[in-house]
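Below: a set of structures, written as structure tokens.
Here chain A shows up in two complexes: once beside chain B, once beside chain C.
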Partner chain A sequence: MRKIFTEARLALIGILILIWTLIPIYHLFVMSITPRVETFAGALWPSRPTLENYETVVEQGHYYLEHFWRQLWNSAFVAVMVCVITLAIAATATFAISRLKVRGGRLVSNMALATYLIPPAFLAIPMYKVMGIYGLLNTQWSLILTMVTFASPYAIWVLKQYADKLPYELDEAARIDGASPLQIFRLIYLPLMAPSLVAIGTYALLLAWNEYLYAFLLLSADKDITLAVALGHFLTTDDAPFNVLMATGAVYALPPAAVYYAFRRYMVSGLTAGAVKS
Partner chain B sequence: MAPGRLSQEATWGLIFLVPYIVLFLGLVIYPVSYGLILGANPKSYVRLWTDPVFLRTIVNTVVFLGVAVNIKLFLALLLSGFFVHERRWIRWLSVVFILPWAIPSIPTILSFRWMLNAEWGMLNSLIFRLTLEDGPNWLLDRWSGLGMICVVHIWKYLPFWTLILLAGRLAIPKDLYESADVDGASGLQKFRYVTFPSLRNLYITCTLLSTIMSLGDFNSIYLLTGGGPADSTQTLATLGIRYAFGMSEIEVGVSTVVVALPVMLPLLVLMLRRMKKGEQP
Partner chain C sequence: MASVSVEAVRKRYGALEVIHGIDIAIPDGEFVVLVGPSGCGKSTLLRMIAGLEEISGGTVRIGQRVVNQVPSKDRDIAMVFQNYALYPHMTVRENMGFSLRLRKAETEVIAERVQRAAQILSLTELLDRHPKQLSGGQRQRVAMGRAIVRNPQVFLFDEPLSNLDAKLRVQMRTEIKALHQQLKTTSIYVTHDQIEAMTMADRIVVMHDGIVEQIGTPLELYDTPANLFVAGFIGSPAINLIRGILRRDGGRCWVATEAGVDLPLNGDAAGQDGQAVVYGFRPEHLTPVENSGLLSRIEVVEPTGANTFVYAELSGAQICGVFSERRSFAAGETLHLMPQLDRVHLFDAASGRRLAA
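Up next, the complex of A and B:
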């Protein structure tokens, strides 16, 4: 009896969690398959579900979507570049700090940790000014470098914790065999760190793909902006075509969700262990 | 180890460290210093203190942090107790539960925004159909707007903190619960005497970290209410942007951030100490 009661209670909580989680996602989906004439009906399910909004997106058939494919490409390009550069910078830095024990390494990792705790939104205005001074404003490199700046402190912190745990004897043995630091990095460090590199790469990729504030400040031409900014542009008018916006949003949300679920295994163990330690 | 070896290692160490140092100097130290210079004009602070929007924003920020962070973490603590149960369907549910955190916030926040629209939104249509009365103006009032901002923020970040606290719960040794069972402890007593003491430290760390991160939550406010109506739901994260880019008052914009430093820096130092302690167990 007691057991049935426990299971029933768990099931009830489970249903509540499911509803709470899915409400805005369900709403997004329903609006994206609602025909334009029913936009303002506020129905729980459209009387005539349609794919016309998705067609509009794919065919770039709306004023706001003139450069949809270009903007999708921009989002992908920025995300991949941020992923690659963050991995390169964080992997080399943690190798120097943790394995080569370079002098000043501790200071660098402490500064990186402090940077991780600065909310990116608080640095927006000076970052914008500095990008102007560097002459990078309105180029995608300003966004890429900014996102690398915000992704790499966390990357360094997580990677360093994993790197510290690798057995030091491996490096010693390789050194005795005459391996150079570069060989140790390539042949021992990178392969052993592969799982956490996957987690960090995914983290950087998603961080960059999802970024709105900096993308909208640093880029302005319709051909340069990422899809995130394009979505925000829909809000500039009151009669925004919300069904098309929701369809675009669904297309925009799909790739990161797929990436996340593909690498979930690495993400959960890699990032939750690194995010907070009691 | 031969001295030549050592210097070779030191050289390579420096080479490997240089990319990050360059990035750090050019895109952290330089903008931070630039920001401090921009924020050094006393006139900006006079302008802020005489702007009623600024004072309201301070109140909003405190309310947002106090309400959203605490409710979010308390719910995460409770939900981690749900997800700790070993059932196949709960494992599947956890895959769905992570969705808000895994997918970008822009489409989902815009979905909330449309759903909450007073005239056409799904929520008020439903309320009208059920009660024949018009629903509230969810986003067109300061306090309900702030409330909805909290809801959106909690919806987005609850899964992440639940995962963290779940990891904390899973790290509690099982025999503590077994001996509590032997002593005939009730579920509540087990929480009070086993779970809570083990999680307390993690819970405080999470609260600090989440406070700092939520202070920088721009999207939940900007994309849901845009800080409106009439700038009544701005927080410090969105107000600086409004001054700098909406009203071309760059220095005043930076000053709104500088105002937060006396609160933020101690939090930051506290957090750094805690995180570094965890680093070396």
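Up next, the complex of A and C:
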């Protein structure tokens, strides 16, 4: 009896959280299929649902959406590059720290985590300055490098927890079998780390895809900005076309949802790995 | 195949020295077992021969070549690990062929050598499985298969049977020995199990606290242990050891214990009158006699079928006797026992060394 009560209570909390999470998404969806005239009618479901907002988005048929496809591509390009570079850095760093046992490796991984003591927003101005010095402002590489900077420490930390769990005898067996460190990395380490690499890659991808502040700060030309910044531009007028904005938002939310869904199996096990310092 | 020689080898971790200058010469084709309690340095020594640990001092030679600075992969050795260390993402076939693949061998050569090793180890049916689909014994066989496809100069085994259950361990022991008789590759085998050492070795190296206590064939170690440590380590049930003072009177010789019991010795026994000694005899070298002999009280009787183990109290110490004849023993009974005098071992109590006749 007591158990049922406890479970019912947990279920209730779960349902409340679910509703709380889903309401904004529901709003987004409803507004995206509502004709412009009814935008703020406040109905739970539009009287005449329409896909015209999505047509506007796809055909770039609005002032704010002139470069929609280009901006979507920019977002994808930045996200994929951040994912690839972060993975390359984290995989090689953790291999060196955890498997080659490079001197000072533990210090590096602890310091990596310490970078999270400073909120990224505090670094906005310094980062802007640095990119200016290197002449990278208004190029997508400035955003890519910045996001890699923020994603790598966490990626290294989580991957290291995983790398430490691989039996060291595997490396020793491979050394005796005749493998060089690079061969161990390629033929033993990477295949065995694949699940955690997928999880960390997804994390970096979504971090970059969702980034607004730094994208807004570092990129300015309409053709260079990411979709996140373009969405922000909608709100620069009093007469914002909210239903088109919501349709764009819905399209923008689809790729991460798909990525997350495809790799959900790895996400849970991968990201909890770093939860406890071992 | 090649000989292996270890000369004055030392291992230090910072200021702590764990191996204090070891010399072992292993001729080509020999099966040598390094045995000793945990922490005696046997695995460290093996790992130094493998190139997985740096050598702090001394020389390791494989064949005629000094390998101190040679990386593992160029030492032409193969190693079997305690936890198998099979690559989980590769099939049995890929695991076994991995070293040849790294050496850029032809595909047909790899296939043929893997096939032949699989036949020797009866793994042919399992070649396309992954390690997680295999039992412990099968994994151990794959680990050995990975070693033999290479046809290396030396096999190194680091407690390869410790993770197996008792029955499988006995079976694999026989298989490894048979394999060695077939391939005749120089082998160095580390274990803490003296039975494994006794049954498998051509020669045993008994190690303790980073030094070699004795090197010899299994029966040499059993029959003439060089010191108390080896005497106590080799043999199951363990040798009986009783402390006392060596006494000589004319042609007679005996060991007087504190409890006032005189333990008999042959007249030609070594040692000085009055010397503190340890009197040792193996459990199976005790004979029940009628009247003379040492009086002891039986505490526990353990019949195993082939033998009966009798634990009894003698001169304040617990001793064990192993008897193969069917005779009834009962707890509480007093028994007259006589050690076979030519099988009695005498050790100096201070140094622990064997007193040679």
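Note that in this section the second predicted complex is superposed on the first by the 255 of 278 C-alpha atoms of A that agree within 3 Å, B and C clash if a C-alpha of one lies under 4 Å from a C-alpha of the other, contacts with A are read in each partner's own complex, and residues count from 1 in each chain.
To be clear about the criterion, contacts are C-beta pairs under 8 Å (C-beta built on N, C-alpha and C of every residue); 3 or more make two chains touch, one makes a residue touch a chain.
Small disclaimer: the values here were computed from a predicted structure and weren't measured.
Applying the stated contact rule after C-alpha superposition, one finds that A:L136 touches neither chain B nor chain C.
Taking chain B and chain C in turn and counting the residues of chain A each one touches, the greater count comes from B. Of the two partner chains placed by superposition, only chain C is touched by A:A179; chain B is not. Of the two partner chains placed around the shared chain by superposition, chain C is the only one that A:L192 touches, whereas chain B remains out of contact.
Contact with neither chain B nor chain C is seen for A:A76 once the two complexes are overlaid on the shared chain. Legend: residue contacts after superposition of the two complexes on their common chain; A:E169 is shown touching chain C, with no touch to chain B.
Of the two partner chains placed by the overlay, only chain B lies in contact with A:Y261; chain C stays clear of it.
In the superposition on chain A, A:V58 makes contact with neither chain B nor chain C.
When the two complexes are laid over each other on chain A, chain A has residues 175, 180 in contact with both chain B and chain C.
For chain C in complex with chain A, the residues that touch the partner chain are 50-52, 71-73, 77-79, 81-83, 85-89, 98-99, 102-103, 146, 150. Against chain C, in their complex, chain A makes its touches with residues 167, 169-170, 172-180, 183, 187-188, 191-192. Within the complex formed with chain A, the chain B residues making contact are 5, 8-10, 12-14, 16-17, 19-21, 23-24, 26-28, 30-32, 34-35, 38, 79, 82, 85, 87, 89-90, 93, 95-100, 102-108, 110-112, 114-115, 119-122, 124-126, 155, 159-160, 163-164, 167-168, 199, 201-202, 205-206, 209, 212-213, 215-219, 222-223, 226, 237-238, 240-241, 244-245, 250, 253-254, 257, 260, 268, 271-272, 275-276, 278-279, 281.
The residues of chain A lying in touch with chain B in their complex are 10, 13-14, 17-18, 20-25, 27-28, 30-31, 39-44, 88-90, 92-93, 95-97, 100-105, 108, 110-115, 117-130, 134, 145-146, 148-149, 152, 156-157, 161, 175, 180-182, 185, 206, 209-210, 212-213, 217, 228, 231-232, 234-235, 242, 245-246, 248-250, 252-253, 256-257, 260-261, 264, 268, 272-273, 275-278.
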